[in-house]
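Each structure below appears as structure tokens.
Next, two complexes with chain A in common: one pairs it with chain B, the other with chain C.
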Partner chain A sequence: MSAEAQALMHGALFTLEASVVGAVFGIMIAVMIALLRQAALAPARWIAAAYVSFIRGTPLFVQILVVYFLLPGVGLDLSPLQSGMVALSLNSGAYISEMIRGALTAIPPGQVEAAQALAIPRRWIWLRIILPQVAVLIVPPLTVELAALIKGSALLSVVGVVELTRSAQQIIAVTFEPLGTWAKVAFLYFLMCFALGQLTRQLQRLKTTGLAV
Partner chain B sequence: MRVSIDTDALAFGFPILLHGLVNTILVCCAATFIGFAAGIPVALARLSRWSMMRLPVVAFVELMRDTPFLVQAFIIYFGLAELGIRLDATVAGVLALSLYATANFSESIRGAILSVPKGQFEAARALGIRYFSLIGRIILPQSLGYLVPALTNQIIGIIKDSAALSVITTPEMSMAAQVVVGESFRPVETYAMVAVLYWALTTTVVTLMRQVERAPRRIWRSGERAGVDHRLPIEVSE
Partner chain C sequence: MGAWAKIRVQIALGAGLVSMLMSAHATAGVDVNQVKAKGKLAVATEALYEPFEFVKDGKIVGYGRDILDEIGKDWNVKIEQADLPFGGILTGLLQKKYDLVATTMIINPERVTKYAFTMPIAVTRVAALKKKGDTKVKSLDDLTGLTVGAIVPPAGPTAVLEKLNAKLTEQGKGAAKIVHFQSDPDMVLALANGQIDVAIENQLPLNTIVQKQPTKFEIVGTTGDPFFIGWALRPDDTALRDAINAEIKRLRDSGLLAEFQKKWFGFTMTIPDSGYMPPGAI
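The block that comes next holds the complex of A and B.
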């Protein structure tokens, strides 16, 4: 393998890792947001709703730049990668929380009512009845979000994170062959996202045939 | 720790950013209209019986949807330049965003067409209605209930993705932000203001599209009262 191909493969792997890490932190943020949206306290619900609205209403590109410039200003000295991952996680957290909200509405209210009639504690209703089902229902949309993260992480190149797009820019700076390099990069992104798309389709089919849930 | 908001930087940057906002709106409007106009034939080609029509369109749509918009913009701006096609940054930006919009819109349009019951196609064919009348007068009007919310999401996506065009120096709002930061050296205030302006823009678009969404529903409701199938807008028969 040439040095160029090696750099691109390395970049693609890094893109994949960053996306998975972003999704994992995103899930954690999303669960918190989803719980806040169910809170009895109204201001807690407003904060969660405002967060989701703002993240979903602004470009990821701008979010990455705001986080990149804001965090050092408030005393957090983070590397470009760290601040990029913060932005990516905050972003996916908002989108995943909407998926959780969708999954919650898909669970028949009769289940919760039955559990309440059986005097099952509220904590158990959540942990044993609602969340396990949400965890299954959320898998197909999560694969869609992971593909979105793979594509979105290309924007991390702007703050200097050496993922696939940035490594391509570094190669082009040496070889001066933008077209061929970008075509290879596009193909690598395509492979990752197309494979994920196929997985999504398979998972959705599983759900409709009733194997899941 | 340095937590102070420079109001002078905000006052300095605001008019430049507003100008950028206008450009963002113009670029996104152009991409939306081109994407919608081109998306209809692309969707119809993908639904075609002939694989000669279908395959190139499937390849185009999947390639556009499974690669980052940033990379697409780089290919159109820097990649085409290698072939001797040197585009102005604005032209390249609009072209990239339009192609991206075409691929995304076509999938929404395809879904909307598929949401219309098959019997409608068969009935129209049985009555000898021409293909263009079938699509334009029977299928698309009925698919609006599905199409408008889907397109709203797509347009919001176009607005947000257009921010990446600043990387190829298309003069839109994010590019204006870079110019402001270069002068004022206050990136936090500037990008925060940019974020608020993008949020205002996307929220306005969502609110406007809700109004558009309501329009056909009013027609449906009057149909329901009259005992007509709710999927059939009454105005179609003329």
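The block that comes next holds the complex of A and C.
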């Protein structure tokens, strides 16, 4: 493998690492926020709503800078990669929580009423009736969001993470041959997003055949 | 809430964040003993600038790195060097993400009152690059009708270009348009594509570009007085700055600095250790 290919693969690994961590923690945050938005306690709902509207109302670029430059002020001095992962998780968490909320409203309230009439416990209503359907409904928009996360991770270069895009810039700064390098970079991003699409498609097939929705 | 009110709220939020960023200034200065105790010198560099700093085989190398390595050896500390885009590099310094910005920066009057600059590591001029054989571009004394490329402000050469262009515009010989770029590779690509007619930059990296692609580009000429290139520290860290100055002076006096210059630029330069700072410098 040439030095250039090696540098690009190295960068792609950072892109993948940041995206996977961002996706896993993003989904966890999203579930928490979605539950908070259903909470009986009004301040909990307000906090969740404020969080989502803050993330939606600011660019990911700014969020990355805020995490990297402001968190040291409260004693959390993270490395560039760590701050990038935190910012990606917080960002995707807000968006995915909105998708969960959308999926929740798509479930007819009659189902819950019927379950309540049958005296099924609240916990079971959530675990056996609502969430499995949400999981199916959320797959298509989730694919879009995770692809956006992979592509958005290019912004991590601003705090010094040498991910795929930055490693390409480093190569071009020496070779001054941008076209070939950017074509390779585009192909690598495409591969990652394509693989994600295939994965979620399989997942969806599994889910829809397993459930009568 | 109407759309405009929403936008206004967001601008206010943004401004609040920026002021928080600004108010979190450094308080106590860092000195060389603290660096030695930590065992590492945290450095930020924009590594897109051959021969000063660029990436080869996954490592930041170049003239600057050779100097840093000598400092690291003498202090017995590790050099921890990160590659950051120039736009945010000074913010990160003030936020104490690293202690030294070792990237090619002109020691100019605007900067020296805000940051503690080291003594010069190099002397250069602002020069212009054009496509080889392009007859439209004759000299830097006449930019009439030309589209001129420069790095986004506050890049040093861009400030020099703006002053030059203001003077030329008075004489009716100003540029048609000035276009800004994030980095040299972008700007050189635009030059090759014909999107700009001439690119303004520090002469030393332009020399490297011409050496690598002698059939494609040539240097038009230089403008202004020679200027010094130095590294920046937080304004409170003058003790650490003085220690780095002592190291640069040691390297200069031992002839090692001249060796590095020969290796990376192909010639040697005279580096002063006094009288290089504009008035009002930290």
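The rule we apply is simple: the second predicted complex is superposed on the first by the 190 of 213 C-alpha atoms of A that agree within 3 Å, B and C clash if a C-alpha of one lies under 4 Å from a C-alpha of the other, contacts with A are read in each partner's own complex, and residues count from 1 in each chain.
Criterion: a residue touches a chain if its C-beta (ideal position, glycine included) is under 8 Å from a C-beta of that chain, and two chains touch if they have at least 3 such contacts.
Fair warning: this is a prediction, and the values are worked out from it, not measured in the lab.
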| task | Judging by the criteria at the top, classify the pair chain B and chain C on chain A as clash or fit. | result | clash
| message | Quick check for you: in the superposed arrangement, does A:Q38 touch first (chain B), second (chain C), both or neither? | response | neither
| said: I'd like to know which partner A:G152 touches here: chain B for first, chain C for second, both or neither. | reply: first
| said: Looking at A:G73, would you say it contacts chain B, chain C, both, or neither? Reply first, second, both or neither. | reply: both
| query | After lining up the shared chain so the two structures overlap, which partner does A:Q116 touch, if you call chain B first and chain C second: first, second, both or neither? | reply | neither
| Between chain B (first) and chain C (second), which, if any, makes contact with A:Q202: first, second, both or neither? | neither
| request: Have a look at where A:A186 lands relative to chain B and chain C in the superposition and call it first, second, both or neither. | output: first
| request: Could you look at A:A7 and tell me whether it touches chain B, chain C, both or neither (first, second, both, neither)? | output: second
| Which partner reaches more residues of chain A, chain B or chain C? | B
| field | First, second, both or neither for A:G57, with chain B first and chain C second | value | both
| Can A:V174 be said to touch chain B (first), chain C (second), both, or neither? | second
| said: Shared contact residues on chain A, chain B side and chain C side combined as an intersection? | reply: 54, 57-58, 62, 65-66, 69-70, 73, 157-158, 172, 178
| remark: The chain C residues in contact with chain A across the complex are 10, 13-14, 17, 20-21, 24, 44, 47-50, 54-58, 82-85, 87-88, 91-92, 95-97, 183-185, 188-189, 209, 212-213
| message | List the residues on chain A that touch chain C in their complex, please. | response | 3, 6-7, 10, 54, 57-58, 62, 65-66, 68-70, 72-73, 80, 157-160, 162, 166-167, 169-174, 176, 178
| task | Give every residue of chain A touching chain B within the complex, in rising order. | result | 53-54, 56-63, 65-66, 69-70, 73-75, 147, 150-152, 154-155, 157-158, 165, 172, 177-179, 182-183, 185-186, 189-190, 193-194, 197
| For chain B, which residues are in contact with chain A within the complex? | 1-3, 62-63, 65-72, 74-75, 78-83, 156, 159-164, 166-167, 174, 177, 187-188, 191-192, 194-195, 198-199, 202-203
